[in-house]
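Paired with subunit B in one complex and with subunit C in the other, subunit A is shared by the two complexes that follow.
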Partner chain A sequence: MRIGRLKAMAVKETLQVWRDPRSLMIALLMPAMQMLLLGYGFSLDIKHIPVCTYDRENSQQSQALLKHFQASQYFDIVRVVGNYPELTRAVDAGNCRLAVVVPPDFTEQVSVLGSGKVQAIVDATDDNTAQVALGYAQAVVAGFAAEVQLDATGPQVQAAAMIQPLSVEPRVWFNEDLESRNFIIPGVVAMVMALVGAQLTSLTVSREWERGTMELLVSTPVTPLEVMLGKLIPYFAISFIDATLCLVFAVFWFAVPFRGDLLTLFLTTAMFSVVVLGIGYLISVTIRNQLGASQIALLVTMLPTTLLSGFAFPIDQMPGIIQVMTYFVYSRYYVTILKSVFLKGLGLGALAMPVLAMAIYSVAVAALAARAFHKSLD
Partner chain B sequence: MFGRILQVLIKEAIELYRDKWGRFRLIVPPIIQLLVFGYAATFEVFGVSTIVLDLDHTQESRELVSRFTFSNRFELVEVAGSQRDIDRAIDRSAAAIGIVIHPGFANLLRKGATAPVQVLVDGTNSNSALIALGYVGEIAATFSQDYAADLVRRTRPESARMVQVTLEERPWYNPDFNSRWFFVPGIIGTLMLMLIVNLTSFAVVREREVGTLEQIMVTPIRPIEFILGKTVPYFLIGLGEVALVAGVGVLWFGIPLVGNPFLLLLGTSLFLLSTLALGLLISTLCVTQQQAFATNFFVLNPLFILSGFSFPIASMPEALQWFTYVNPLRYYLVIIRATFLKGVGISALWPDMAALAAIAVILLTVSILRFRKSLD
Partner chain C sequence: MTAAPPSIVADELVKRFGTFTAVDRVSFRIAAGEIVGFIGPNGAGKSTTIRMLCGLLRPTAGRALVAGYDVAREPEQVRQHIGYMSQKFSLYNDLTVGENLRFFGGIYRVPKARLAERMRFAIDMAGLTGREDALVSTLAGGWKQRLALGCAILHTPPILFLDEPTSGVDPESRRRFWDLIHHLSEDGVTVLVSTHYMDEAEFCNRVALINQGRLVAVGSPVELKQHGLGGDLLLIECLPLGASIGVLEGAPGVRDVAVFGNSLHVVVDNGSEAQEALRLRLADQGLAATRIEAIEPTLEDVFVRLVASDAAAGARAA
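Right, the complex of A and B next:
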């Protein structure tokens, strides 16, 4: 390897990036965009669920129950219907997620029999929202029952009925306010790095093939190792700038707690960078057209990083075989490290296992990438 | 005119046919993406790893612990001997939830006072933590209710009758609350958006980058003919892809398709037209494929995140909610989920269809005008 040739290669590649200001700008705007989109768009906090009501009794009792729904911050009564077909239409068209039906003999059920039944029809297309909505509805109905109980029993037994035997005292660690943002933002660093690292580099060699400049490159005395380093150095720099931008954004814009140390973060970020850049380069050398290269890069970097790393979907809820697969997904280790460094404040010692996995991965990928480029035209 | 369009069509068809890798990439990656998404994407919470510290050792405390053991929402991974065990388990992520019952728990209950139960939660994954806390609350509430009923029955038999109001749950369209039913139709829409916009924009930009666009422009072909020749194949590919991916969804994941397939075809066609137009529009802004790739990502990612694919639109800040109204994926997701799961007709879906059609017409007009200009 000659420093002169390496430098020439790196300068050529840097100029190519530099003279395409739009791609460069996009690479540098990526962190801000991803952070803002996911920081604000990723929220599973469910409030104001649209509800329609069908009161088949229309009594004081039934209206009292519906008032409880109205008062809840989780529900918005958007429509009052008078028959089942109307209710079906409203749920079908998605105008309401939940339909509460009070039976015609509700007052009798409650005051005479002591047990009333209310129907809750829920649009379960979105299973998560539906289950959360039902949970809130249960709580509303329970609140109503307690109130009726209080009215029915005299003041002398009030005390007994009012007892709340158990109180749950939750203490939340690491993400004390249970903010979605604190959960998702650290992982966005991995997403941005995978994107910039693998996707942009996946085009660098395939571009030379497509444009016909590969013949020129092959005819120079440059060695495969110099090609790899020269091509990757500018992108390594961009990924690092992006990682820093992400960090600044996370801490100063979204106020995500950063409890760990920068050394751990930057060391593992460098390793992750080597892995994704190396993979992007390997793809680029293998697939000689840019569309194909970018598609494959998407498949082997972005897809596992967003889905199989624990970034948004918890790994322990996946089927066993998929859980085994995640151990081979390099982003899994990096995402674990990111979340631990940000929220738990763990250092290199406590993170030895995932850091070791990242190190092995980066050495292996670098070794493969260094020998990938062949100086021939077929 | 039709003869010339046909020529471009034939050229595109041959180009696609000769690219064996290209054909492979049209079929295999979408299926892999569908499978990974289908298996990995879920917000369900089952078997939360739980560690318990019972310092009371009474019938009551054991009763409470057993309610956690019997719930499929929690899985007891360890019985702690001291508070330090709990701290360590949560630190090491060996357990996500720690339940501590302090000494004197049963005494407080028997006296009719409120007995505290301490619950330690790893809040890193805020969503799972919130849901798990909800289940803890449910278990605590039923325990409370049973205990209070028992107490009233024992101390004041004359007023033993408790008023109960139960909620009869009727989940429509997805009776088992299966996440996969929700995600798989959504994945079809998302995959189509990514695939068609990429294919169209790259196809045009590539000709520009490699220099063959100029060659085409010196032939007698008119811009509109060129556009049609370029887009019709991708429209057909898109329809084929939807059929393929939907087929895998139905046959492999067992997602029901209860609605009218022709309605789905109509919605899909409108959606494909808007994605083609978007791809074309991006191609007029880019000279190199790297630019096209970067621009695509910049456009597609917001469309994906702000579509209601996995995060409910109603939970987003209002400014972002406004943005979703110009997002074709938003409407297509409503249509595809409704035809797959709800089986509703055009009477329920016409507003989304109309919005999608409007977006398609506007995008097509703008992109064709811009495209003609970019050729001059």
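Right, the complex of A and C next:
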């Protein structure tokens, strides 16, 4: 390997990235966009569910119940209707996810029977939100019932569903907003690096094939190793800049606590970069057109990192076979490391297992990548 | 000629792609400082041969030495000694003139002190002085072509492979390009250049005619024109052409009849004897030749004739 050739290759590649608007956008805008999108948009908490109310009694009692819905942070009363057809239209149009109907004899039920029934109509097209909404509705009604009981009448209030049978149990695994974000954002660093690293490198060799510059490159004395390293060095630098960008974003914008040390973070980030860049390079060498390469890169990096790394969906809640699969997903280890470094403040020693796995992965991918490119047009 | 070892030796070179034979047992020797032109139609195997000689494709069979190195076994050694211009323009369009030159200078490890001088030479040669910072994508065809040559000779290789370097370039630029090739040859550089322009073949020391992967003939343009036809060439003007061809084909001493515009080019064993005999033969059929005369064959005549007889030989063999 000759430093001069390596340098010429790296300089050329840097100039090309610098002049390619598509690459530049992936490198610089993508991290910020991902951070903002996932930081704000990807929340596991459900709040401000739009609610429509139909109060058929209009008594002091019924209004008191609806006030409880109004006061809850989980519900926003967006509409008050006066009849069933109107209510049906509101649900059909998607104006509300939940409709609460208070019967005309609500006060009587409560005082005479000692229990009252409130009807909850739920739009269950999104069954997850529907269940959560019912759970919250149940909690609101229960809260109201407790108040009424305190008023010494001792009634019981039950909620019933018309469209969907109620499975009403409060979900304890929902974090409050801030905690959910803390859980997700460290993993976004992995997402950004997987996306940016593999996307950019997937273009690098296929671009030469597509534009015909490969023919000339192959005719020169440059070695495959020089091609690989020369091409990847600029992207390695970009990966690091992006990782730092994400870190700054996470800590200073989203105020995610950073309790670990930077050395552990940067060392494992370097390993993860090697894996992701190596995979992108392997794809680029194999698939000789840019579009195909970038599609496949998306498939083998983003998809597993999103779904199987534990970035947002806890691995121990997955079916057994899927859990086994996650051990083959390289980003699983990095996400574990990221979360531990950020939230638990663990260092290299405590993270020996995932760090070792990352190291093995990076060596294996680097070895494969170094052998992938052959200087031949055959 | 001195006893210097040949720059390029091809020995029964074969390249097959699946069942298709692109290059079929091609052999030749090229001496140092020679300009040899590969002439042949598209798909004849010119590019494939050049790519094998550059070490870009592995020969299926046969052997080739470039600068004394085996192209299959020592491709890296070969690459140190050659410059290559591919058929498709293959410099980096998104880099400037200077950046491209610096890149290839770095890849070929041209010493820093020498690089500045070589870059100046290449830029002057390409006529790009003052445009060092222009993106290559903004250059017109002729400039691109000359810049590609500049990049290929930056490291002063003793052997140059140019694959259709002038295709798609205006005549003025083509002439300039050939001037450059002659200058390089005068400096001792061996040049193997492919083209499908017949007039360019005249600029070569020797010409190799390739058809359907086979080497049909090798020789200097003069030799080929004198002996390539295997006879003398007559120009005959006699209308209607169709009837005349019917009469002339198969006439004693006639080897080949080809249409050239409004007239016929007829290859005969003996030009002076045939002129009168053919005039009489045409007259017998009621055809009056307005013109019959011996002419100098062009390379195109030779090429058409050789390709035709090669095809006939191929058909007989099959």
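By our rule, the second predicted complex is superposed on the first by the 332 of 378 C-alpha atoms of A that agree within 3 Å, B and C clash if a C-alpha of one lies under 4 Å from a C-alpha of the other, contacts with A are read in each partner's own complex, and residues count from 1 in each chain.
Quick note on the criterion: contacts are C-beta pairs under 8 Å (C-beta built on N, C-alpha and C of every residue); 3 or more make two chains touch, one makes a residue touch a chain.
On a predicted model such as this, the values are computed, not experimentally measured, just so you know.
K.L.:
Which partner chains sit in contact with A:R371 here, subunit B, subunit C, both or neither? Use first/second/both/neither.
P.N.:
Neither: A:R371 stays clear of subunit B and subunit C.
K.L.:
Is A:R19 contacted by the first partner subunit B, the second partner subunit C, both or neither?
P.N.:
After superposition on chain A, A:R19 lies in contact with subunit C alone.
K.L.:
Is A:R89 touching anything from subunit B or subunit C once the two structures are fitted on A? First, second, both or neither.
P.N.:
In the superposition, A:R89 contacts subunit B only.
K.L.:
After lining up the shared chain so the two structures overlap, which partner does A:L299 touch, if you call subunit B first and subunit C second: first, second, both or neither?
P.N.:
First partner only.
K.L.:
For A:A130, using the defined touch cut-off, is the partner it touches subunit B, subunit C, both, or neither? Pick first, second, both or neither.
P.N.:
A:A130 contacts subunit B only, not subunit C.
K.L.:
Of the partners subunit B and subunit C, which touch A:R259 in the superposed model: first, second, both, neither?
P.N.:
neither
K.L.:
Go through the superposed model and pick first if A:K67 touches only subunit B, second if only subunit C, both, or neither.
P.N.:
It touches nothing on subunit B or subunit C.
K.L.:
Look at A:R211 in the shared chain and tell me whether it touches subunit B only, subunit C only, both, or neither; answer first, second, both or neither.
P.N.:
both
K.L.:
Could you let me know whether more residues of subunit A are touched by subunit B or by subunit C?
P.N.:
Of the two chains, more subunit A residues are contacted by B.
K.L.:
Can you give me the overlap between the subunit B contact set and the subunit C contact set on subunit A?
P.N.:
20, 211
K.L.:
Show which residues of subunit B lie in contact with subunit A when the two form their complex.
P.N.:
Going through subunit B, the ones touching subunit A are 21-22, 25, 29, 32-33, 36-37, 39-47, 49, 64, 90-91, 109, 112, 114-131, 133-134, 136-138, 140-141, 143-144, 147-148, 151-152, 155-156, 159, 161-175, 177-179, 181-182, 194, 198-199, 202, 206, 209-210, 288-291, 293-295, 297-298, 301-302, 305-306, 310-312, 314-317, 320, 334, 337-338, 341-342, 344, 348-349.
K.L.:
Hey, which residues of subunit C end up touching subunit A in the complex?
P.N.:
For this pair, the touching residues of subunit C are 51, 54-58, 75-76, 79-80, 82, 84, 86, 88-95, 99, 102-109, 151.
K.L.:
Over in the complex, which subunit A residues touch subunit C? Could you list them?
P.N.:
Listed in rising order, the residues are 2, 4-5, 7-9, 11-12, 15-16, 19-20, 211-223, 375-378.
K.L.:
Using the touch rule from the top, collect the residues of subunit A that touch subunit B in their complex.
P.N.:
By the definition above, subunit A touches subunit B via 20, 22-23, 26-27, 29-30, 33-34, 37-38, 40-49, 65, 89, 91-94, 110, 114-132, 134-135, 137-138, 141-142, 144-145, 148-149, 152-154, 157, 160-161, 163-180, 182-183, 195, 199-200, 203, 207, 210-211, 287, 289-292, 294-296, 298-299, 303-304, 307-308, 312-314, 316-319, 322, 339, 343-344.
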